[in-house]
């Protein structure tokens, strides 16, 4: 259910409607738009009676939302969601720019992280990715440096200005990631770890949700909805390949989900061609394709010594490839009247 | 790596080898077998040097385990794992019996739970399943009664003797499930929630791991390995259908994984034809097939009023269907020289 | 569209209705049932006007068939289709028996074929399978002995009584297979070779259609419909595994399609656990499961020297395994009140 | 096996080597390259003995080809295959241009075909597609106009210069398509109809092979190999989406196969975003992505009245969308240093 306020409704009227909804035992989500404010109503206990709501001051109309996802739906919010990073000019979403996220699969050491960070920053990346907590298939494989990695990435942010995106895998790591990073990543394996999604929804940091290996579009948007239902509306989606019979790539990158998401939802969607293909020689072509299909950004693994990487070496591109790719992406983005920002401008010292 | 002790090795020798391994910074898993004890060596820091180990007293040989899973592998433990339930005659695994787990998708109320429990107990089920914490695709759907459901199931155990299997979805629910239930279920969506698996591995209750929707056999066994690597060797696997293009069922039940698991691992494997098909009229035929293929048990959703169920009604069978099915399963099990126990014998008052 | 005749309708009335339909430019398919005759109407030119039909003598009612398949649908014919083999007691379909088809993947030589045929006949198989024309992934691989193989199989029929099932891959081979075999097999790769299906529909030999590697249930039934739309109603379906991400078997055997087909269609459905798993050690367990799920028969590859087979050796079982399997299948079939005939009775000399 | 001739080898020496190979009972495929001629050896009867071959005059070396496909492999022919259309400047393949194929799913009438043809020709398409023989899932659906459609397309070629691509579905239609069209299309459902592939290989018209719905990369290349093994080396591949669990598109377009094919094979590969997505609003974004990933061309369905189309209306774009798309594709191709030719130049009157 969605309450659409009149264009001239006052903040007090919005507030009053929210209170009314909460008193009925539901949750009110105030969603300010360019023209008007909408108020999403969610809750576990069945459906609210629209009767009285329609007659509250400032209410234009009350709409039933037919999709299983509500806050993530374009029905509820027509304008593209834009995620901003305070103190910087970086944004994700909104339809006019293409965000570039780059970095190693795992933070392996201070030296490795800095070597890669300096190079991707020099090529213009605004966002740095690096795994601190790694969900590995084997309990005996390298599981990440944890807190140490987060501290290294915080240093990288101070030094380069790049904003940090890193994965949280449970309550404990979520608390640390929330403290150190700029975007909390929920990995593909946890896309339906609803408990973790809800906890991420209670933070006030943007949350990047990667598509699960066999998630349908609806399930993908429902995972975003889990985060949003807790009041955190800064959700970024990320396609990273799905599992199929095809064996020439590690996963099958499903680029058609980009226009599909954009039709149904206002949330930004990135594409990760590194996990999406698992093979270095396919990363750059698919990154180009992702920009051409209209993605809001690219998330890519870069390693200066991929043959020595502790994880995902075969799918990491070299810093030089990344630099060349940036130029291609810029040109393709221009065809779609989009912009690939080069470098991040930090107004004040980060944090 | 696996240390095989001589048949006549003493407990003190086993103990000494374990200590030696731990001193090297690895983890030792003592795995007593019918003929001899084996000691599994796991750890995050590379591979142990076999040199000295071979010359310790009581050691027969040191074997490299080539599979990514070690403790779950038949290389490490040849005999079938049998999960026992103290104070009862119920078992899961071992190759000679077929365990029957039945109950509603969710515990919806005391009345509903008792109505179903009494009927499945009367038909001979030894295990009762019921969701207390439900991982639902929508944040607005019924999420389970939580602690109240666990308390209802504990009452059902006291009354009927049936052992309780229920799902944990995060740290908080895991603590409660561990306290109240006899088997901790990890659902398909959490099969690669490694943090949760490790926490389940630190309990001393049997853990049932359901196959993820697009999990390969190796990944499935690696999830069991995560639990076992923490020292909990009582792991039960459960096939519940995988996601494919086929649209005549909710999932595609992959019965071939039963002989595949049995060849590679000593762990028991159950089959859940309810989630595996999602359609009532296919549950009984596929349950029969599961016993015929050699599964160690069946996990099935039963509801006395499926049309009123808060979740998974369309795939729940009626108690009368369950009763008839038990007879068919008994006859098919006999063809494989297996036994379907009818009713559970509780020696002392449960708990 | 379906015209249901009254129980007491005369053959002349049925005839008259058929003529009326044909005059309208459609095709009439007379489908005699136990209680009454139904007349299926098919055609390329849109829908027939039911108006006049309802008033023709002997017509009980005219029903719109909503499914895309019509002749294959249970709406059109309620009773199970039973395929009979003139001069023998062998049948496929009907719900009371389980047909066993066995033989090598390819006919490699007279010696090989006879060696296998004698053993499977001795174990009670009523049907012999063997490839004469092989659709191989590589143009450089063994493509079958062609006509020579057909002649060898005709000899085997004369000698053992077993009826012959073999694949046709194009017009040329179809003509030969129709002449020599008792059942024309259309392989999985040709399930949507509609031209071939129509040509098979113009023969008067039973046609066995194998499910394509990624065929949905509707597409599978539509392939049967292609054969039937040409007037050949003796169609047998065969599940042989579908292609999924799972890598522990060659294909994923989808046993749930058996009850799904039986609900929607009157046609018999067999299961091929050899192609369905691709691994010898899984063939017998899945064959048991197929009988338990309710399949109308089993099609299995048997080879006396599988390590020397020119094709599909790893999935062929030994004749001794086949013999043991027959006993297990017999016992499981009995649980479903079905019968596994042992040996074929030939009234007169075959052909 | 591959015989590499010396750069200075004479035509007579090439001829002599071919004769030698044929005398051994194999097939010789002379493959002239920019630097040297290679001779591919194929055959059903095992492997040729390299012994004598190495010592024949003009032979540089004899190489074993490890891939299952040989003539389709880059090992055998390093330079990109370029398909030329006599009397015109149109080409497919070669890495420097992007071929555009457009037209309706089916030729429905002369008027419809001309209306669409005129518009796509005006926008610069060099190739016209239109179905004359349609492989439809239902025997009761529109099956195409057959010969009449071929004659209409021949007229379109005469009038617009565009070269004609249309599907053959069996021997009968192949003969007609070969006579009337410029490129013979083998549809996805027939990708493993080896008999048809071999027959297409015996024509001397270029053959476009569409990827089957669940074809692996190897199987896809093997289908090309079937055509080539008969001596027709003018093969064009076409990705058109594969079948997965994803339900937001009709198929999942697998763009990663483009760089995968280009690494292993010299054959051109097109992308069909119409069948690949099945939804009009996704066709243009995915066409852009296909050019960005490096495809050798795009095959797209255009209809001036898609809501009235007899087949595939929902996935056909409007002529105006096609015109705009051409401009975008041109700009993206330029980023890859490729060219989208606009219009076709016909030297002499076509045919």
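For the reader, a short list of remarks on this structure follows.
Labels for the chains are A, B, C and D, by order of writing; each one numbers its residues from 1.
Methods note: a residue touches a chain if its C-beta (ideal position, glycine included) is under 8 Å from a C-beta of that chain, and two chains touch if they have at least 3 such contacts.
Computed from a prediction, not measured in an experiment: that's the story for all the values here.
Chain pairs B-D and C-D differ in how many C-beta pairs are in contact, and the one with more is C-D. Between A-B and the choices A-C, B-C or C-D, the pair with more than half the same contact pairs by residue number is C-D. With each centre defined as the average position of its C-alpha atoms, the distance from chain A to chain D rounds to 39 Å. Spacing of chain B relative to chain D, judged by their CA centroids, is 51 angstrom.
Averaging Cα coordinates per chain places chain C and chain D 35 Å apart. Multi-chain contact residues of chain D (touching two or more other chains): 214, 243-245. Only residues 243-245 of chain B touch chain D when the two sit together in their complex.
Residues of chain B touching chain A in their complex: 42-44, 68-70, 135-143, 169-173, 189-190, 192-196, 198, 213-214, 218-219, 222, 225-226, 229, 243. Chain C contributes residues 214, 216-217, 242, 244-249, 252-260, 263, 276-277, 281-282, 285-286, 288-294, 328, 331-332, 334-336 to its touches with chain B in the complex.
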